[in-house]
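What follows is chain A paired twice: with chain B in the first complex and chain C in the second.
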Partner chain A sequence: MEALVFISGLVALGGIYAMLAISLNVNGGMLGLWDLGVVGYFALGAYSYTLISTDAPYGLGLPMVIGVIASAVITGLLSLFIGFTALRLRSEYLLITTFAFAEIIRIVATNEDWLTNGNVGIFGLEKPFQEVIPGSIYMVFFAGLVLAALGGYYFFAQRLADSPMGRYMRAIRENEQVTQSIGKEIFKTKLKVFVLSSSMVGVVGCFYVWYMSIIAPNMFYSTVTFTVWTALVLGGIGNNKGAIIGAFVLIFVQEATRFIPVPTEYSTLLAGIRQLISGMLLILVLRFLPQGFIAEKFKSVERLFNLELKNSIVNEPDGGRRNVAG
Partner chain B sequence: MDYIVFGIVTGCILIIASIGFSMVWKTENFLNIAHGQLLLIGAYFAYLFKEVLNIPFGLSLVSSVILTAFVGLLLAKIFYFPVRKSGILVLLFTSIGLSWVIYGIIQAIVGPDIRTYGLETSRMIELLGKQIISYQELFIIILSLSCVMALHFILTKTKNGKGFRAMAENRDLAQIRGINSKKLSDYVWLISSGLAGLAGILLAMTGTLNMELGWQQILIIMSVAIVGGMGNLYGTMLAALIIGLSMDISTIIVPTSYRTAIAFIFVILVLLIRPQGLSKGGTA
Partner chain C sequence: MLLVNDISKSFGGIQAVKDVNLEVKKGEIVGLIGPNGAGKTTLFNMISLFLSSSKGGVQFLGENISRETPERVVEKGLLRTFQTPVGFPKLTVLENLMVVPKQKGEGIFSTFLKRKSIVQHERENYYKVCALLEQFNLFQKRNELAENLSAAELKLLELCRQLMANPKIMLLDEPASGVNPVMLDKMVEHILRLREEGMTFLVIDHNLGFIYRICDRIYCLANGELIASGTPEEISNNERVKSVYLGVNENESA
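On to the complex of A and B.
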């Protein structure tokens, strides 16, 4: 029984990271934005949900569903502001700006005690259907809930990737000038996708709050952002299936070692080794499988990584041909 | 007045920390996230020498800087050089992976405890009956100024320094003109890692030594380097001083815990007004 709870906890956490990786894939993978602000929207969604659905003194005590909707809306609105200021910048500059926003969000959450109860955080938060499901199998139910949501995310992202909008996003990623020259509005699209992706991350924040049942600023360090990016790179940038696989592999590698019973004095050693393994995994995959476990369906990932192409004419799967040189 | 002194000290440490980062960015064209962990390596080497092996602090400092320099070069040779051809995104993520590897190894060895070098509290220098600055702070300022001057001398007067500037502008062209870019980039990694180690030790001197030092600093280092303008070394120095000062002077008005937030707000503002940073690319 304990093992079942442990495994479903693992699945739930893996699923949460997989949802994050899919959301990131929408703007980081398909649109090619170097967005290092993931943890910021994550924290924002989590806090908006908590402050709206928890009872006083911290929250407004509104129903859970409103909390989830609000987390999407509030994250969306703030990311509209962030995107409006940051998306004019490119690559490294965009990266540091989004990073800076995420850090500011965390610092505000740490310091504004009246709003977030500061470093202590808010405890004992309610979980969905907690009254109906018995406590002993609640984790199993929750893992199922996460997987269902993950299915929804995957379906949505996959539809988006196959839609004209998805092709258009990849076109911007591959060559902004050319896309602009055929009369597409680059900035507006980037902003739309950025807000969409951030709201998706914001909703995942609710799941994380349910999973942890507490909320505190130290859950939202920049390592979360790096973990999600790592998951995406492991699985294969631009590929939704890859994002899911990468996230689960990474979380299993990091968490599976908790299974080994060790005396407490070795726990920091083990924590170190966990970090070491994740890092080595990332380095090895990048060296030997630069496209990740599953490459993007479209061959264009080669351009993203600037790989040298032997043949500049590439046959498309649907029969067309295009020149990828230059 | 105290705040200005603190700000200058913070700025000086930031200069040392970010020049190396900037040099690597300029020559290798990628953001080396693992630079932050090199600070950690340097700081813990010094701790090892000073507190575990009981070597005098000055000697520990010098030997840790040298050791960190070679560790940095070695890591670059093992991890970065083989994937250089695969593009900057692969390099960037490799450096994130490497950060985790270093962080994990150090955490496994030293554990989560917060440590200090156990230095004596240094005396204050009095001027006109007011305590202005402590010897320790003066030491940090002088040390960083001499580093900057030495670097300036190397870059403008020596053959290798001129070669570095040429290589930063155009690697291929520099190679055609007979500059040994392989040897030079080894030097760049050595200097960059050594400076990172030094900055780590200085940071641990002024505050405490904990595991998060690398992750915390790399954010500010990146901000400094980017505000300074694409790997421009003099712009980086200016940016480091401005950000250091603005962080510490801001504590007069806002709570201390908002110190880093101020730095980031500053970065965002600069990038919005001048998207290319304070000074444009130009010669290193």
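On to the complex of A and C.
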């Protein structure tokens, strides 16, 4: 039983990072935006949820569902503002702006005691269906919940990737100038996708709060952003399945270091080792599998949309379109 | 159709284009030649509004377009190609063209809400693209990634892509560079056929043989200034043009 709960915890954490990686793939992978703000949207979503759904003195005590919706909306609004200022500039500026934004969110959470209880954080947060599920197996249930949500994220992102919108996004990533030269308004599109991706990350923040049952600024260091990017690169940038696999592999490997038997006085050293192992994994994968575990797939549009041509090159009698041999 | 008035551009201290005037009439193929760094591409960038001009303006179909956005200019029917025809390397040939039309599916919500009409739209789009690829002998390569095409095929793909946007005039930046003689003949055929069908062209190229074959009139640019204009015959006998080109050759061999 204990093992099952432990594994469930691992799966839940892996699933949370997998959702983050899929969200990042929407703008970082498919659209090619250099977004270093992941942990910022993550924190903003988590705090928005907590401050709306937790009871007084910290929260408003509204229903959980409203908290989840708020996490998406508030994150979306703030990223709209960031995107509006930074997406017009060169991609390097987006990188710096998003990184700075994430730092500011954490610093605000640390310093505004009246709002967030500062560094101490807010404890004992409620989890969904906590009243119905026995505490001893709650983590098993929660892992299922995370996997279900992950399935939803995957379905959504994959639908987007396979659609004309996905094609258009990849065109922007490949060449902005050429995309502009065929008459597309790329700024609007980038802004929309940026906001979508950030909101997706914001909602994952709720899952993280449920997982931890506490919220504190030290959960939101920039290492989270780098872990998610590493997961995406490991799995294969642009590929949603790859994002999932990359996230699980990375989280499992990182958590496995917990089993290295070391005396407690060396435990800080161990935290460093965890980063070191991620880094080595990344270098090895980039060396031997530069595209990641699963490279971005190129599905033929013909298959996706069931397109077919007649087997002869003829001018149709009605003067209609010319069909060509396949 | 296209009228460029006294247009200038300087980058810091460098005057890349200096008071250039030129005109392209409907149905014409007009050449734009000049040595490396003469300002030809810069002129294209200004006409297509990828660059703002320091001075002067552009009229297209009788309207001043100097204050428009690049997208609006494309909508009006002015399309340009790029000197390096990379296109979208990691998109297939089909996708490179199917991405062009404004489509129903190009939105986050419509992707999920309007599935039926998107499929219908994709089908029409697909037939249109296939017919075009067939005309340009690229149909067999339709599922190849663009990065796997040869330089000449990329130039053709570039032409196809801009054709998908229903242009009235096309500005071609070096369509013949890196194209072998056999493919060059094809390129000439395609351009002449499109002109028969009513297209207008402004073409930059260093291959003077190619330019003389297809153009009705030619402008020659050197150091940002227009130094000559006229028929291919006039240009090929123009002393200033000759000296500019010889000068370049001397520099290059030095």
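Everything below uses one rule, namely that the second predicted complex is superposed on the first by the 288 of 326 C-alpha atoms of A that agree within 3 Å, B and C clash if a C-alpha of one lies under 4 Å from a C-alpha of the other, contacts with A are read in each partner's own complex, and residues count from 1 in each chain.
Everything that follows uses one rule, which is that contacts are C-beta pairs under 8 Å (C-beta built on N, C-alpha and C of every residue); 3 or more make two chains touch, one makes a residue touch a chain.
Keep in mind that this is a model prediction, so the values were computed, not measured.
Looking at the shared chain after the overlay, A:96 reaches chain B, while chain C stays out of its contact range.
Once the two complexes are overlaid on the shared chain, A:158 sits clear of chain B and of chain C alike.
By the touch criterion stated above, A:130 is placed in contact with neither chain B nor chain C.
When the two complexes are laid over each other on chain A, chain A has residues 305-307 in contact with both chain B and chain C. Within the complex formed with chain B, the chain A residues making contact are 85-86, 88-89, 92-93, 95-97, 99-101, 103-104, 107-108, 110-111, 221-223, 226, 229-230, 233, 268-283, 286-287, 290, 304-308. For chain A in complex with chain C, the residues that touch the partner chain are 156, 159-160, 163-165, 167-168, 170-171, 174-175, 177-185, 189, 192-193, 196, 296, 298, 300-302, 305-307, 309, 313, 321-325.
Of all residues in chain C, those touching chain A in their complex are 48, 50, 69-71, 74-75, 79-82, 86-92, 94-95, 98-100, 102-108, 110-112, 118-119, 121-123, 126-128, 130-131, 133-134, 139, 143, 145, 161-162, 164-165. Partner chain A is touched in their complex by these residues of chain B: 31, 79, 82-83, 85-90, 93-94, 96-109, 111-112, 215, 219, 222-223, 226, 255, 257-258, 260-261, 264-265, 267-268, 271-272, 275.
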